[in-house]
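One chain, subunit A, appears in both complexes that follow, with subunit B as partner in the first and subunit C in the second.
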Partner chain A sequence: MRILGLLHTRCLPFSRGHMKNLASMVLSGVVLLLVAGPVVSRHDYAAQDRDLILSSPGSEHWLGTDSLGRDNFARFVVGGRLSVVMAATAAGGACAVAAFVGTIGALGGSAARTATAIVFDVMLSTPWYLLVFVIRAVLPLDTSAGVTAAVTFGILGFIGWAHGARAIRDAVLGMVTGPWIRQARATGAAGFTLWRAHIVPNVGPVLVTQFLLLLPTLMLGEATLGMLGLGIPEPLPSWGGSLVELVQTNTVLERPWALVPALLLAISSISLRALAGGESS
Partner chain B sequence: MRPILLLATLASLAAAELRFSIRSDPKTLEPLAVTDQNSDTVRFLTTARLVRRNRITQKLEAELAEKWEIRDKGLTLVFRLRPGLRYSDGTVADSQDVKTTIQRLLDPAKAYPMSEGLRAAGITSVETPGPLEVRIRTKEPIAGLDSFFEEVPVLSSRSPLGDKAALGPFVLTEYKRGTSLRFQKNPNYFRKPLPRLDAVRIDIQANPELERARFERGELHFLSALDADGFAALQKTGQTQDAGPTLDSEILWFNQNPGAPIPEHKKKWFTSREFRCALSAALHREDLVRVAYGGRAVPGVGPVAPSAKEWFAPKLRAQPYDAKQTQTLLTRAGFQLRNGLLLDSSGNPVTFSLLTNSTSRVRQRMAAMIQQDLDKIGIKIQVVLLDMPSLLERMTRSSNYDAVLLGMVGIDLDPNDQMNIWMSTSSSHAWNPSQKQPATPWEAEIDQVLRAQFHATSPAKRRQFMQRFQEIVADQAPVLYLVHPNALAAVSRQLTGVKVSSLLPRVIWNIEEVGLAPAETAR
Partner chain C sequence: MRLALSCSRFFLTLATAYVLLTALLWYAPGRDLDESLWGTAQTLANEPGARTFSSYFEFTRWYASELVHGRGGTSIQFGVPVSELIAERASTTLTNAWRGFAAAWVMALTAGVAAHFWPGIGRLALGAGSVVLSLPAAFVVVALALNGVAPWVGLAVCVWPKTYAYWQTLLQMARKRAHVLALLAQGAGPWRLQWHAIWLPNTRQLFGLLAVSVPLVLGALIPVEVLCDQHGLGQLAWRAVAGRDLPLLTALTLLFTAVTSGMSLLAETAGLEAK
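On to the complex of A and B.
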């Protein structure tokens, strides 16, 4: 997001606050669409109308139909809900782990610091995506589509926690050795009070930033797996699954509305990262 | 040096070089060890066989043998070779080379893919009464023995180049792993005039989208393995050809292995003829053809595709969608519908997983359609997409699966090609492999019928046996045949003499007749 930062700090008459407000508005719109979409949609996301495959947008099917005659809008909003809710849950879990391990890494003495540093390096330099293939291969075959989707996001969350943990470790470490915590200690603050009044309020924004950065990463991760056929299984829809139809270049030219999930995924990711930028500032 | 370089460039431009691509490296360049299609393409270009099947008429034609005959009531097969055969390095090719090639295949110390078929034929001796005659004797009459030799490349026993000495139309001159293979015209090729093409270049191109783009830019002269989406995308170029249904099938089968680590009640469903036939009748095959294949396929009938004109049982039809038949069969087998769920006689809800490979978009669509079709009769299925190694592991090693959706590639027209799948003893008998004794009476009958056709020398008798075989499969439905896809290709207007076939190799089977017109003329 360096380019975006450059734009809004030097070239455009927007402050970080403006960007944050704009991102919040966009995200609110997306959330509203995903919440209200299934209510206003008249179609079941899984129902196939095999006599109406790949139809253009119209009054009956607002975003046309897919290659099996399923309503694109219904699949798009339900898939979006699923992607966002599961990614948010996985990102929340990953941030909780990151906070715990990062704090241990910062406060646990030199042995803990070395051990967590090694764990972070291993986590960040291993091609964990192979894990998705392995775990998907050994999952019981009668695992429902919903559980498979949850497991997939769980793995993505597992892959993603180390970045956040390192950021939290550095933040906590910076604080506990910083002058203002020393000053607080000098004024008598200690133990729980020190944590509640000084450390948690200052680590919180770092954690929120990590969450906002991880959320789009997980959504894009699922989209990538969806393109490989290893995302959320049928009949459940997902934004990643919708992108499979874009693999053929002529799809983009002949049915540009098929790009909507990709565009919304991109807009949501940019907005979340813009929000994260606002938080970190 | 510059004038020389310029001359070399001009020479390469003037040379007629055919360019096409394959998706991955050939697994082997050893002609006898070929198991994959890419290696077979290389073998097809560089080797020659005693006989070759005309991919349009489906009849065997003379290749290295100028004629052949079956004598002694089917116990002796005699090939008469063309005179003056030479390998690319000038070494003479004669009956001795045929004999040593067959002996290499029959060597018990070797396990070549073709060996099993030749050993099963019970060859007792290979005699060479002269340099141009080969006599192959068998213990019992073997039907279609001449067809076996359509696959057997005649390799040199005397050339210093060994197996690299080419008897086919082209000689492999360069192989850059992961990038390309180059071939030059074999100056000693036995067919005269020599091939019209001077050279062939095969690029390794894993991505079908890039392959298509390169064809549109004129960098590749043909695509022989298009799927329905790719075919539709190229139709506007006016260079696509649909050669009709192939011998291939898209199939679904249930795990009937008694030792499989799946619940007993599922094994009971899967071994029930009524259950399998009921599900077969619940599927909309016409929809699979129309929606998943864009109409470029025909509904699946059985193990012998309708395109195998000589052996297909003409009375058989693809199982149509029939809700009433499904209901009757399920009721007879003790299943009942309760609250939208199908329950077996013990009250177990009928749910199972359907495995398929994660890289095939067409199969994913088919799986989603099957899921909806079966949902309508109260059966819930989980579609599980796996990478191919994981899928094969479950199918062949652990047997830990319920049902599989995959494709079956038909290599040869001869009915003997079915035996490695359908004999109950075979390790490729997918639903219950390597049986010591046939597990069911109908599998025993299939074994018997296939053995009988193997030894029947009269084509009419073989057709009768093959008809019975197809009837048993249709009646028992151990494998649900869904569709037979069409052979879809795109061929540049620059190419002349191409006759696209539904049989492999679809475009280059008559490569000696293929020519390349200058690009301007083609337009």
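On to the complex of A and C.
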């Protein structure tokens, strides 16, 4: 978001509001594609057509087929749904934990502040790829694809909460010393009432921004793990898993439609970060 | 006092990582099986299956002494001491990391300085940076590797947008300071302004930024080494997952955690908010 913020302030001739609207429209298009895709597609994502392996786009298979004769369009759309839904769930969970820990860190006195600062440091110093590797390595070999996918996103969400918690702690600390909180205190508000009526409504936008920033991070993290063969496992589709084909030398030249998941990821990621930028302003 | 607190955080991070990893090893599936193929705490011993531990605490004590003596157990997959494997592959990783790190910094600093004189270059750099950051790191690495680009360049391309963004934020903050505005009002030239008013007073933060970018390089190193078939520590970690080689994976995770935490400590000492 830092780089998008810089990009906006330096080069774009329109306001943050316009950028937010544009990002919303693009995201709506992606969501519509992911929701309506399986309805309009005539193929199941797992169905194999052994006579049509690695076929080109046509009226039967809109984006061709993969090396097992499965419809690429159906796999991209279902994979996208899976990536987005699981990333959103993990990001939501991470933001809930971030809100809880961040608020405690800000309002819980000096001991709580030191303790949460230490926890943030420990979390942020963890090399997350290796943590995912370790947990994937200890999973039993007969773990189902669904559970493995949930565990992968769970770990990514677990790693992601610390950034948000620190932002929320700083935001709440700023609010506590703000004029309207002082005024509320002067009028007798304290404890839970003060928290519910004056802090929670103002933490909302920070939380939304953190969610919008974390969502693309988790999607991109899963995609990278997928390209390393450690993302959502087969037979479940995912954007990261679909990109594995690109590792072969001639794929891009011979079948450029294999780039569609990367394009959708980039569009979604840029739009979500632009929305986060608009939200934070 | 602040340094002492930072040092205690560093050791606490390592201790937490150690406790979590050894707990994972101890409770990993297959712990009770008498087979060296499974990732069990028992197979961490130099002679797999030869040593038994009655409790988790006994195991952690033994593993800590192994680490202190520079051994770290035996790799299940390769059947050699973990320390030997790490020593063998460290040079490839260090070479890649060093070149990628240096290239990322050269790109970020060049773009930063050029943007000061020609804003168009700044726009181009920001646009390219946001595109790179919106793609999976592995995708960027593959795209470059398929075009015959060296692995360390892929590493640099993955890292430089964040380095550039940090650097630009630092410069923007510096440009708003009173002494810079005063020099501007006096009609100081752009080079003088860059060097004396912006760079020199920010040397400490610049060192902090250098420290912050090391974990970024380490993060991008794994996809680079795996996808470009570089026999370094990143690829070793990936192979350890495939072979469920927990002793090797534990040692590598502890090593990477120590480096990341150490760099955060350095950045903090330099007065920079590390992450």
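The rule is short, and it goes like this: the second predicted complex is superposed on the first by the 266 of 281 C-alpha atoms of A that agree within 3 Å, B and C clash if a C-alpha of one lies under 4 Å from a C-alpha of the other, contacts with A are read in each partner's own complex, and residues count from 1 in each chain.
As a working rule, a residue touches a chain if its C-beta (ideal position, glycine included) is under 8 Å from a C-beta of that chain, and two chains touch if they have at least 3 such contacts.
Quick caveat, the model's predicted, so the values are computed rather than measured.
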| item | value |
| --- | --- |
| Clash-or-fit label for the pair subunit B, subunit C on subunit A | clash |
| Contacts of A:53 with subunit B and subunit C, given as first, second, both or neither | first |
| Subunit B versus subunit C as contact partner of A:230, first or second or both or neither | both |
| Subunit B versus subunit C as contact partner of A:183, first or second or both or neither | neither |
| First (subunit B), second (subunit C), both or neither touched by A:246 | second |
| Residues of subunit A touched, compared between subunit B and subunit C (which is higher) | C |
| Which superposed partner A:135 touches (first subunit B, second subunit C, both, neither) | second |
| Touched partner set for A:273, first subunit B, second subunit C, both or neither | second |
| First (subunit B), second (subunit C), both or neither touched by A:118 | second |
| Partner chain in contact with A:69 - subunit B first, subunit C second, else both or neither | first |
| Residues of subunit A contacting subunit B in one complex and subunit C in the other | 133, 136-137, 139, 228-230, 247, 249 |
| Sites on subunit C touched by subunit A in the complex | 9, 12-13, 16-17, 21, 24, 28-29, 39, 119, 122-123, 126-127, 129-131, 133-139, 142-143, 146, 161-162, 164-166, 168-169, 215, 218-219, 222-223, 226-227, 237-238, 240-242, 244-246, 249-250, 252-253, 256-257, 260-261, 264, 274-275 |
| Contact set on subunit B toward subunit A in their complex | 209, 213, 229-230, 233, 284, 287, 290-291, 351-353, 355, 358-359, 361, 364-365, 367-369, 371-372, 382-387, 390, 393, 400-402 |
| Touch list for subunit A against partner subunit B, complex | 46, 48, 50, 53, 67-69, 133, 136-137, 139, 141-145, 228-230, 233-235, 244, 247-250 |
| List of subunit A residues in touch with subunit C within their complex | 2-4, 6-7, 10-11, 118, 121-122, 124-131, 133-140, 163, 216, 220, 223-224, 226-230, 240, 243, 246-247, 249, 252, 262, 265-266, 269-270, 273 |
